[in-house]
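In the two assemblies presented below, chain A is common to both, partnered first by chain B and then by chain C.
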Partner chain A sequence: MSILHTVNKSPFEKQTLNSCIAHALDGDAILMVEDGVYGAIDGTAAATQLAANKNISIYALGPDLNARGLGEAKLVSGLTIVDYNGFVDLAVEHDKTQSWL
Partner chain B sequence: MSDIPEEASGIVKKFLYVNRKAPHGTIYALESLEVVLIGAAFEQDVSLAFLDDGVFQLVKGQDTADIGVKNFSPTYRALGDFEVTKLYVEKESLAERGLSKDDLMEIMYEDEDDDWEEKPSIKLVNRTELAAVMAGQDVILSF
Partner chain C sequence: MKFGIVVNEGPYTHQAADTAYQFTKAVLEKGHEVYRVFFYHDGVNVGTRMTVPPQDERHIQRNWSELGEKYKLDMVVCIAAAQRRGIMDENEAKRQGLDGDNIAPGFRISGLGQLIEAGIQADRLVTFGD
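Now for the complex of A and B:
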(Lines of atoms letter the chains of each structure in order from A and count residues from 1; the text may use other names and numbers.)
(Lines give C-alpha, C1' and ligand atoms only; values in the text may rest on other atoms or scores of the structure.)
Protein backbone atom coordinates (compact mmCIF):
# COMPACT_ATOMS: atom_id res chain seq x y z
CA MET A 1 0.00 0.00 0.00
CA SER A 2 2.03 2.95 -1.23
CA ILE A 3 1.15 6.62 -1.39
CA LEU A 4 2.00 9.27 -3.98
CA HIS A 5 2.60 12.49 -2.06
CA THR A 6 2.38 15.76 -3.93
CA VAL A 7 3.90 18.97 -2.55
CA ASN A 8 3.09 22.35 -4.10
CA LYS A 9 4.65 24.83 -1.67
CA SER A 10 8.19 26.25 -1.58
CA PRO A 11 10.19 24.65 1.28
CA PHE A 12 11.72 28.05 1.98
CA GLU A 13 8.36 29.59 2.80
CA LYS A 14 6.33 26.73 4.27
CA GLN A 15 7.02 23.55 6.26
CA THR A 16 4.98 21.46 3.80
CA LEU A 17 7.87 19.45 2.34
CA ASN A 18 9.34 18.75 5.79
CA SER A 19 6.01 17.48 7.05
CA CYS A 20 5.51 15.37 3.94
CA ILE A 21 8.96 13.76 4.29
CA ALA A 22 8.30 13.10 7.97
CA HIS A 23 5.11 11.18 7.14
CA ALA A 24 6.18 9.35 3.97
CA LEU A 25 7.08 5.66 4.33
CA ASP A 26 9.46 3.41 2.42
CA GLY A 27 8.05 2.67 -1.02
CA ASP A 28 6.15 5.95 -1.23
CA ALA A 29 6.86 8.62 -3.82
CA ILE A 30 7.04 12.40 -3.49
CA LEU A 31 6.16 14.50 -6.54
CA MET A 32 7.01 18.19 -6.42
CA VAL A 33 4.67 20.43 -8.38
CA GLU A 34 4.10 24.21 -8.73
CA ASP A 35 6.25 26.12 -6.16
CA GLY A 36 7.03 22.73 -4.62
CA VAL A 37 9.69 22.21 -7.30
CA TYR A 38 11.93 24.71 -5.49
CA GLY A 39 12.49 21.82 -3.09
CA ALA A 40 14.45 20.08 -5.87
CA ILE A 41 17.33 22.61 -5.88
CA ASP A 42 20.60 21.05 -4.76
CA GLY A 43 22.73 22.41 -1.93
CA THR A 44 19.88 23.57 0.30
CA ALA A 45 18.50 22.50 3.68
CA ALA A 46 15.58 20.85 1.84
CA ALA A 47 18.00 18.86 -0.34
CA THR A 48 19.70 17.49 2.78
CA GLN A 49 16.32 16.34 4.11
CA LEU A 50 15.48 14.61 0.84
CA ALA A 51 18.84 12.83 0.65
CA ALA A 52 18.24 11.26 4.08
CA ASN A 53 15.23 9.33 2.76
CA LYS A 54 16.73 6.77 0.38
CA ASN A 55 13.68 4.54 0.06
CA ILE A 56 11.31 7.25 -1.09
CA SER A 57 11.32 8.06 -4.82
CA ILE A 58 11.52 11.77 -5.60
CA TYR A 59 9.92 13.28 -8.71
CA ALA A 60 9.43 16.83 -9.98
CA LEU A 61 7.09 18.08 -12.67
CA GLY A 62 9.13 19.26 -15.69
CA PRO A 63 6.80 22.06 -16.87
CA ASP A 64 6.94 23.64 -13.40
CA LEU A 65 10.76 23.38 -13.32
CA ASN A 66 10.99 25.00 -16.76
CA ALA A 67 8.63 27.82 -15.77
CA ARG A 68 10.94 28.65 -12.86
CA GLY A 69 14.18 28.46 -14.83
CA LEU A 70 15.42 25.41 -12.91
CA GLY A 71 17.62 23.35 -15.23
CA GLU A 72 18.65 19.78 -14.43
CA ALA A 73 22.16 20.94 -13.42
CA LYS A 74 20.71 22.82 -10.42
CA LEU A 75 18.75 19.86 -9.07
CA VAL A 76 19.44 17.17 -6.48
CA SER A 77 20.76 13.87 -7.82
CA GLY A 78 18.45 10.88 -7.84
CA LEU A 79 15.46 12.97 -8.79
CA THR A 80 13.28 11.95 -11.74
CA ILE A 81 11.63 14.62 -13.89
CA VAL A 82 8.18 13.71 -15.19
CA ASP A 83 5.73 15.40 -17.56
CA TYR A 84 1.95 15.55 -17.13
CA ASN A 85 1.55 11.99 -18.46
CA GLY A 86 4.16 10.86 -15.95
CA PHE A 87 2.10 12.51 -13.21
CA VAL A 88 -0.90 10.42 -14.27
CA ASP A 89 1.23 7.25 -14.36
CA LEU A 90 2.45 7.91 -10.81
CA ALA A 91 -1.11 8.42 -9.62
CA VAL A 92 -2.07 5.07 -11.18
CA GLU A 93 0.95 3.20 -9.84
CA HIS A 94 0.26 4.15 -6.21
CA ASP A 95 -2.74 3.07 -4.15
CA LYS A 96 -3.64 6.59 -3.25
CA THR A 97 -2.55 10.19 -3.55
CA GLN A 98 -2.04 12.62 -0.72
CA SER A 99 -1.75 16.32 -1.52
CA TRP A 100 0.34 18.34 0.90
CA LEU A 101 -1.03 21.85 0.37
CA MET B 1 -2.67 65.67 -13.94
CA SER B 2 -4.37 69.11 -14.14
CA ASP B 3 -6.38 68.63 -10.92
CA ILE B 4 -3.24 68.04 -8.85
CA PRO B 5 -2.17 71.24 -7.01
CA GLU B 6 1.03 72.60 -8.51
CA GLU B 7 2.93 72.46 -5.23
CA ALA B 8 2.07 68.75 -4.87
CA SER B 9 2.78 67.64 -8.43
CA GLY B 10 6.55 67.99 -8.12
CA ILE B 11 6.96 65.93 -4.96
CA VAL B 12 9.19 62.91 -5.44
CA LYS B 13 9.10 60.24 -2.77
CA LYS B 14 11.27 57.20 -2.32
CA PHE B 15 9.19 54.08 -2.96
CA LEU B 16 10.43 50.60 -2.14
CA TYR B 17 8.63 47.55 -3.50
CA VAL B 18 9.44 44.51 -1.37
CA ASN B 19 9.20 41.20 -3.24
CA ARG B 20 9.18 38.05 -1.08
CA LYS B 21 7.19 35.55 -3.18
CA ALA B 22 8.21 33.08 -5.89
CA PRO B 23 7.00 34.08 -9.36
CA HIS B 24 4.39 31.62 -10.67
CA GLY B 25 2.72 29.86 -7.73
CA THR B 26 0.86 33.01 -6.68
CA ILE B 27 -0.08 36.28 -8.37
CA TYR B 28 2.00 38.51 -6.04
CA ALA B 29 5.07 38.85 -8.28
CA LEU B 30 3.10 39.85 -11.36
CA GLU B 31 0.94 42.29 -9.37
CA SER B 32 4.07 43.88 -7.89
CA LEU B 33 5.49 44.47 -11.37
CA GLU B 34 2.26 46.16 -12.45
CA VAL B 35 2.33 48.51 -9.48
CA VAL B 36 6.05 49.23 -9.96
CA LEU B 37 5.32 50.40 -13.49
CA ILE B 38 2.53 52.65 -12.21
CA GLY B 39 4.88 54.19 -9.63
CA ALA B 40 7.49 54.77 -12.31
CA ALA B 41 4.90 56.52 -14.52
CA PHE B 42 4.42 59.10 -11.74
CA GLU B 43 8.18 59.81 -11.84
CA GLN B 44 8.82 58.67 -8.29
CA ASP B 45 12.14 57.41 -6.93
CA VAL B 46 11.50 53.68 -7.23
CA SER B 47 13.58 50.84 -5.80
CA LEU B 48 12.84 47.11 -5.71
CA ALA B 49 13.95 44.66 -3.06
CA PHE B 50 14.11 40.92 -3.64
CA LEU B 51 14.46 38.71 -0.58
CA ASP B 52 13.29 35.33 0.68
CA ASP B 53 11.50 33.49 -2.18
CA GLY B 54 11.31 36.81 -4.07
CA VAL B 55 14.82 36.16 -5.41
CA PHE B 56 13.33 33.38 -7.57
CA GLN B 57 11.57 36.07 -9.64
CA LEU B 58 14.90 37.05 -11.20
CA VAL B 59 16.12 33.54 -12.12
CA LYS B 60 17.08 33.42 -15.79
CA GLY B 61 15.73 30.95 -18.34
CA GLN B 62 12.11 30.89 -17.13
CA ASP B 63 9.86 29.24 -19.72
CA THR B 64 6.19 29.05 -18.79
CA ALA B 65 4.97 27.64 -22.12
CA ASP B 66 3.91 24.33 -20.58
CA ILE B 67 2.09 25.65 -17.51
CA GLY B 68 -0.24 27.96 -19.42
CA VAL B 69 0.56 31.26 -17.73
CA LYS B 70 2.18 34.44 -19.01
CA ASN B 71 5.96 34.59 -18.72
CA PHE B 72 6.41 38.06 -17.28
CA SER B 73 10.09 37.56 -16.37
CA PRO B 74 11.41 39.48 -19.43
CA THR B 75 9.62 42.56 -18.06
CA TYR B 76 12.27 42.96 -15.35
CA ARG B 77 14.81 43.60 -18.09
CA ALA B 78 12.65 46.46 -19.44
CA LEU B 79 12.48 48.29 -16.08
CA GLY B 80 15.54 50.37 -16.99
CA ASP B 81 13.53 52.01 -19.77
CA PHE B 82 11.12 53.24 -17.08
CA GLU B 83 14.01 54.61 -15.02
CA VAL B 84 13.64 51.82 -12.48
CA THR B 85 17.32 51.06 -12.00
CA LYS B 86 17.73 49.94 -8.39
CA LEU B 87 17.04 46.25 -7.85
CA TYR B 88 18.41 45.18 -4.46
CA VAL B 89 18.87 41.41 -4.13
CA GLU B 90 19.65 39.90 -0.74
CA LYS B 91 22.76 37.68 -0.75
CA GLU B 92 21.63 35.50 2.16
CA SER B 93 18.33 34.69 0.43
CA LEU B 94 20.21 33.58 -2.71
CA ALA B 95 22.63 31.41 -0.73
CA GLU B 96 19.89 29.67 1.27
CA ARG B 97 18.27 28.71 -2.04
CA GLY B 98 21.40 27.33 -3.66
CA LEU B 99 21.54 30.29 -6.05
CA SER B 100 24.28 32.72 -7.05
CA LYS B 101 24.38 35.92 -9.10
CA ASP B 102 25.09 33.78 -12.19
CA ASP B 103 21.63 32.20 -11.90
CA LEU B 104 19.96 35.60 -12.29
CA MET B 105 18.98 37.47 -15.44
CA GLU B 106 21.30 40.21 -16.64
CA ILE B 107 19.35 43.42 -16.08
CA MET B 108 20.96 46.62 -17.37
CA TYR B 109 20.09 50.32 -17.63
CA GLU B 110 21.60 53.26 -19.46
CA ASP B 111 22.91 55.91 -17.05
CA GLU B 112 21.88 59.31 -18.44
CA ASP B 113 24.27 61.03 -16.00
CA ASP B 114 27.22 59.03 -17.30
CA ASP B 115 27.04 59.34 -21.10
CA TRP B 116 24.33 56.62 -21.26
CA GLU B 117 26.75 53.97 -20.18
CA GLU B 118 25.17 50.55 -19.64
CA LYS B 119 25.23 49.55 -15.99
CA PRO B 120 23.77 46.63 -14.03
CA SER B 121 20.51 47.31 -12.17
CA ILE B 122 20.92 44.40 -9.78
CA LYS B 123 22.77 45.32 -6.60
CA LEU B 124 23.66 42.41 -4.33
CA VAL B 125 23.33 43.47 -0.71
CA ASN B 126 23.50 41.64 2.59
CA ARG B 127 20.71 41.61 5.16
CA THR B 128 22.14 44.55 7.11
CA GLU B 129 22.50 46.65 3.97
CA LEU B 130 18.95 45.82 2.87
CA ALA B 131 17.64 46.89 6.27
CA ALA B 132 19.34 50.24 5.70
CA VAL B 133 17.74 50.54 2.25
CA MET B 134 14.34 49.92 3.86
CA ALA B 135 15.03 52.49 6.58
CA GLY B 136 15.81 55.15 3.97
CA GLN B 137 12.43 54.97 2.17
CA ASP B 138 9.35 57.19 2.39
CA VAL B 139 6.90 54.47 1.32
CA ILE B 140 7.23 50.66 1.42
CA LEU B 141 4.84 48.46 -0.55
CA SER B 142 4.92 44.73 0.21
CA PHE B 143 4.22 41.82 -2.09
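Now for the complex of A and C:
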Protein backbone atom coordinates (compact mmCIF):
# COMPACT_ATOMS: atom_id res chain seq x y z
CA MET A 1 0.00 0.00 0.00
CA SER A 2 1.87 3.07 -1.19
CA ILE A 3 0.75 6.66 -1.50
CA LEU A 4 1.58 9.40 -4.00
CA HIS A 5 1.70 12.69 -2.11
CA THR A 6 1.35 15.88 -4.14
CA VAL A 7 2.50 19.19 -2.67
CA ASN A 8 1.51 22.43 -4.43
CA LYS A 9 2.73 25.06 -1.94
CA SER A 10 6.19 26.55 -1.61
CA PRO A 11 7.93 25.49 1.64
CA PHE A 12 8.71 29.20 2.08
CA GLU A 13 4.97 29.91 2.22
CA LYS A 14 3.31 26.93 3.92
CA GLN A 15 4.30 23.94 6.03
CA THR A 16 2.63 21.34 3.79
CA LEU A 17 5.91 19.92 2.44
CA ASN A 18 7.19 19.45 6.01
CA SER A 19 3.93 17.79 7.08
CA CYS A 20 3.99 15.60 4.00
CA ILE A 21 7.58 14.46 4.61
CA ALA A 22 6.68 13.70 8.24
CA HIS A 23 3.71 11.55 7.20
CA ALA A 24 5.16 9.79 4.14
CA LEU A 25 6.19 6.16 4.65
CA ASP A 26 8.79 3.99 2.95
CA GLY A 27 7.74 3.25 -0.62
CA ASP A 28 5.69 6.43 -0.95
CA ALA A 29 6.42 9.15 -3.49
CA ILE A 30 6.30 12.91 -3.16
CA LEU A 31 5.53 14.94 -6.28
CA MET A 32 6.03 18.70 -6.13
CA VAL A 33 3.74 20.67 -8.44
CA GLU A 34 2.80 24.34 -8.97
CA ASP A 35 4.55 26.53 -6.33
CA GLY A 36 5.45 23.28 -4.57
CA VAL A 37 8.43 22.95 -6.97
CA TYR A 38 10.26 25.65 -4.96
CA GLY A 39 10.77 22.81 -2.47
CA ALA A 40 13.10 21.19 -5.02
CA ILE A 41 15.74 23.94 -4.79
CA ASP A 42 19.01 22.63 -3.37
CA GLY A 43 20.60 24.06 -0.22
CA THR A 44 17.39 24.84 1.66
CA ALA A 45 16.01 23.36 4.88
CA ALA A 46 13.36 21.54 2.84
CA ALA A 47 16.03 20.01 0.58
CA THR A 48 17.92 18.68 3.61
CA GLN A 49 14.73 17.04 4.88
CA LEU A 50 13.94 15.56 1.47
CA ALA A 51 17.44 14.12 1.12
CA ALA A 52 17.16 12.46 4.57
CA ASN A 53 14.28 10.25 3.41
CA LYS A 54 16.09 7.64 1.34
CA ASN A 55 13.11 5.33 0.87
CA ILE A 56 10.72 7.98 -0.41
CA SER A 57 10.99 8.86 -4.10
CA ILE A 58 11.01 12.56 -4.87
CA TYR A 59 9.59 14.02 -8.09
CA ALA A 60 8.90 17.49 -9.46
CA LEU A 61 6.71 18.54 -12.37
CA GLY A 62 8.94 19.77 -15.23
CA PRO A 63 6.54 22.33 -16.77
CA ASP A 64 6.14 24.01 -13.36
CA LEU A 65 9.93 24.06 -12.80
CA ASN A 66 10.41 25.65 -16.24
CA ALA A 67 7.66 28.21 -15.64
CA ARG A 68 9.58 29.35 -12.54
CA GLY A 69 13.04 29.38 -14.10
CA LEU A 70 14.31 26.48 -12.00
CA GLY A 71 16.91 24.67 -14.10
CA GLU A 72 18.19 21.22 -13.16
CA ALA A 73 21.47 22.68 -11.82
CA LYS A 74 19.57 24.43 -9.05
CA LEU A 75 17.75 21.32 -7.84
CA VAL A 76 18.34 18.86 -5.03
CA SER A 77 20.11 15.65 -6.14
CA GLY A 78 18.15 12.41 -6.39
CA LEU A 79 15.09 14.22 -7.72
CA THR A 80 13.29 12.92 -10.81
CA ILE A 81 11.61 15.41 -13.16
CA VAL A 82 8.34 14.23 -14.73
CA ASP A 83 5.82 15.72 -17.16
CA TYR A 84 2.01 15.38 -16.91
CA ASN A 85 2.21 11.86 -18.38
CA GLY A 86 4.69 10.99 -15.63
CA PHE A 87 2.28 12.45 -13.07
CA VAL A 88 -0.44 10.10 -14.39
CA ASP A 89 1.96 7.12 -14.24
CA LEU A 90 2.81 7.94 -10.61
CA ALA A 91 -0.91 8.08 -9.74
CA VAL A 92 -1.36 4.66 -11.38
CA GLU A 93 1.69 3.10 -9.69
CA HIS A 94 0.63 4.11 -6.17
CA ASP A 95 -2.54 2.87 -4.48
CA LYS A 96 -3.76 6.30 -3.42
CA THR A 97 -3.11 9.95 -4.11
CA GLN A 98 -3.00 12.42 -1.24
CA SER A 99 -3.06 16.10 -2.22
CA TRP A 100 -1.47 18.35 0.40
CA LEU A 101 -3.35 21.57 -0.33
CA MET B 1 -7.61 2.49 -14.91
CA LYS B 2 -10.58 4.61 -13.77
CA PHE B 3 -9.85 8.12 -12.45
CA GLY B 4 -12.02 10.52 -10.50
CA ILE B 5 -10.96 14.18 -10.59
CA VAL B 6 -11.91 16.87 -8.06
CA VAL B 7 -11.41 20.54 -8.93
CA ASN B 8 -11.69 22.91 -5.96
CA GLU B 9 -10.34 26.13 -7.46
CA GLY B 10 -11.70 28.53 -10.03
CA PRO B 11 -10.14 29.58 -13.34
CA TYR B 12 -7.63 32.47 -13.33
CA THR B 13 -7.45 32.46 -9.52
CA HIS B 14 -5.19 29.51 -8.81
CA GLN B 15 -3.07 27.23 -10.97
CA ALA B 16 -5.03 24.23 -9.66
CA ALA B 17 -7.69 24.65 -12.38
CA ASP B 18 -4.92 24.47 -15.03
CA THR B 19 -3.09 21.56 -13.42
CA ALA B 20 -6.36 19.63 -13.15
CA TYR B 21 -7.02 20.18 -16.87
CA GLN B 22 -3.49 19.16 -17.95
CA PHE B 23 -3.60 16.08 -15.70
CA THR B 24 -7.06 15.00 -16.93
CA LYS B 25 -5.98 15.48 -20.56
CA ALA B 26 -2.88 13.34 -19.94
CA VAL B 27 -4.99 10.64 -18.23
CA LEU B 28 -7.29 10.43 -21.27
CA GLU B 29 -4.50 10.59 -23.85
CA LYS B 30 -2.77 7.69 -22.11
CA GLY B 31 -5.93 5.63 -22.62
CA HIS B 32 -7.25 5.64 -19.06
CA GLU B 33 -10.88 6.31 -18.24
CA VAL B 34 -12.15 9.36 -16.33
CA TYR B 35 -15.23 8.27 -14.41
CA ARG B 36 -16.20 11.80 -13.43
CA VAL B 37 -14.82 15.32 -12.95
CA PHE B 38 -16.38 16.98 -9.93
CA PHE B 39 -16.19 20.78 -9.63
CA TYR B 40 -16.52 21.92 -6.04
CA HIS B 41 -16.08 25.20 -4.09
CA ASP B 42 -14.72 27.93 -6.43
CA GLY B 43 -14.09 25.19 -8.99
CA VAL B 44 -17.72 25.58 -10.10
CA ASN B 45 -16.67 28.84 -11.79
CA VAL B 46 -15.07 26.72 -14.51
CA GLY B 47 -18.60 25.72 -15.53
CA THR B 48 -19.95 29.03 -16.86
CA ARG B 49 -20.11 29.67 -20.62
CA MET B 50 -20.04 33.46 -20.04
CA THR B 51 -16.28 33.77 -19.55
CA VAL B 52 -14.52 35.86 -22.20
CA PRO B 53 -10.75 35.91 -21.56
CA PRO B 54 -8.50 37.88 -23.97
CA GLN B 55 -8.19 36.05 -27.29
CA ASP B 56 -4.48 35.33 -26.93
CA GLU B 57 -4.97 33.77 -23.49
CA ARG B 58 -5.91 30.20 -22.64
CA HIS B 59 -9.68 29.72 -22.36
CA ILE B 60 -9.94 27.44 -19.33
CA GLN B 61 -13.71 26.94 -19.49
CA ARG B 62 -13.71 26.21 -23.23
CA ASN B 63 -10.73 23.86 -22.86
CA TRP B 64 -12.74 21.80 -20.37
CA SER B 65 -15.87 21.85 -22.55
CA GLU B 66 -13.86 20.68 -25.57
CA LEU B 67 -12.14 17.93 -23.57
CA GLY B 68 -15.54 16.88 -22.23
CA GLU B 69 -17.00 16.76 -25.73
CA LYS B 70 -14.07 14.80 -27.17
CA TYR B 71 -14.04 12.12 -24.46
CA LYS B 72 -17.73 12.28 -23.41
CA LEU B 73 -16.75 13.24 -19.86
CA ASP B 74 -19.23 13.44 -17.01
CA MET B 75 -18.46 16.94 -15.66
CA VAL B 76 -20.49 17.69 -12.55
CA VAL B 77 -20.84 21.06 -10.83
CA CYS B 78 -21.77 20.94 -7.12
CA ILE B 79 -25.26 22.42 -6.78
CA ALA B 80 -24.81 24.18 -3.43
CA ALA B 81 -21.49 25.72 -4.47
CA ALA B 82 -22.99 26.67 -7.85
CA GLN B 83 -26.03 28.41 -6.40
CA ARG B 84 -23.85 30.57 -4.16
CA ARG B 85 -21.77 31.64 -7.14
CA GLY B 86 -24.52 32.10 -9.72
CA ILE B 87 -23.86 29.06 -11.89
CA MET B 88 -27.28 27.95 -13.20
CA ASP B 89 -28.64 25.51 -15.73
CA GLU B 90 -32.04 26.04 -17.31
CA ASN B 91 -33.97 24.07 -14.67
CA GLU B 92 -32.24 25.69 -11.71
CA ALA B 93 -32.67 29.20 -13.16
CA LYS B 94 -36.39 28.52 -13.62
CA ARG B 95 -36.73 27.04 -10.14
CA GLN B 96 -35.03 30.10 -8.61
CA GLY B 97 -37.05 32.55 -10.73
CA LEU B 98 -33.96 33.88 -12.53
CA ASP B 99 -33.91 35.41 -16.02
CA GLY B 100 -31.29 33.19 -17.56
CA ASP B 101 -28.81 30.34 -17.22
CA ASN B 102 -25.07 30.24 -17.85
CA ILE B 103 -23.88 26.65 -17.57
CA ALA B 104 -21.20 25.72 -20.08
CA PRO B 105 -21.57 22.92 -22.65
CA GLY B 106 -20.80 19.48 -21.25
CA PHE B 107 -21.36 20.43 -17.60
CA ARG B 108 -24.28 19.35 -15.44
CA ILE B 109 -25.41 20.42 -11.98
CA SER B 110 -25.84 17.79 -9.29
CA GLY B 111 -25.15 17.02 -5.63
CA LEU B 112 -22.28 15.91 -3.44
CA GLY B 113 -23.44 12.30 -3.73
CA GLN B 114 -21.83 12.36 -7.18
CA LEU B 115 -18.44 13.02 -5.56
CA ILE B 116 -18.91 10.19 -3.07
CA GLU B 117 -19.93 7.84 -5.87
CA ALA B 118 -16.88 8.86 -7.93
CA GLY B 119 -14.71 8.06 -4.89
CA ILE B 120 -16.24 4.60 -4.70
CA GLN B 121 -16.28 3.78 -8.40
CA ALA B 122 -12.91 5.22 -9.44
CA ASP B 123 -9.60 3.40 -8.82
CA ARG B 124 -7.90 6.74 -8.10
CA LEU B 125 -9.39 10.01 -6.87
CA VAL B 126 -7.09 12.98 -7.46
CA THR B 127 -7.85 16.40 -5.91
CA PHE B 128 -6.67 19.75 -7.24
CA GLY B 129 -7.07 22.87 -5.12
CA ASP B 130 -5.53 25.59 -3.03
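Observations on the structure shown:
Throughout what follows, the second predicted complex is superposed on the first by the 101 of 101 C-alpha atoms of A that agree within 3 Å, B and C clash if a C-alpha of one lies under 4 Å from a C-alpha of the other, contacts with A are read in each partner's own complex, and residues count from 1 in each chain.
Following the convention adopted for this analysis, contacts are C-beta pairs under 8 Å (C-beta built on N, C-alpha and C of every residue); 3 or more make two chains touch, one makes a residue touch a chain.
A quick note: this is a predicted structure, and the numbers were derived from the prediction, not measured.
When both complexes are superposed on chain A, chain B and chain C sit side by side without a clash.
Centres of mass aside, this uses C-alpha centres: at chain A, the angle toward chain B and chain C in the superposed model is 80 degrees, to the nearest 10. Within the superposed three-chain model, A:8 lies in touch with chain B and with chain C [touch as defined at top].
Within the superposed three-chain model, A:66 lies in touch with chain B and out of touch with chain C [touch as defined at top]. Of the two partner chains placed around the shared chain by superposition, chain B and chain C are both touched by A:34. Residue contacts after overlaying the shared chain place A:74 against chain B, while chain C stays out of touching range.
Set side by side, chain B and chain C differ in how many residues of chain A they touch, and the one touching more is B. In the superposition on chain A, contact is made by A:47 with chain B only, not with chain C. Applying the stated contact rule after C-alpha superposition, one finds that A:82 touches neither chain B nor chain C.
Once both structures are fitted on chain A, no C-alpha atom of chain B lies closer than 5 Å to one of chain C. On chain A, the patch touched by chain B and the patch touched by chain C overlap at residues 8, 34-35, 63-64. Touching chain B in their complex are the following residues of chain A: 8-10, 12-13, 34-35, 38, 41-45, 47, 62-64, 66-71, 74.
Considering their complex, residues 6, 8, 33-35, 63-64, 83-85, 87-89, 91-92, 96-97, 99, 101 of chain A touch chain C. Interface of chain B with chain A (complex): residues 21-26, 52-53, 56, 59-67, 69, 71, 73, 96-99, 103. On the chain C side of its complex with chain A, the touching residues are 1, 3, 8, 15-16, 19, 22-23, 25-27, 29-30, 32, 124-130.
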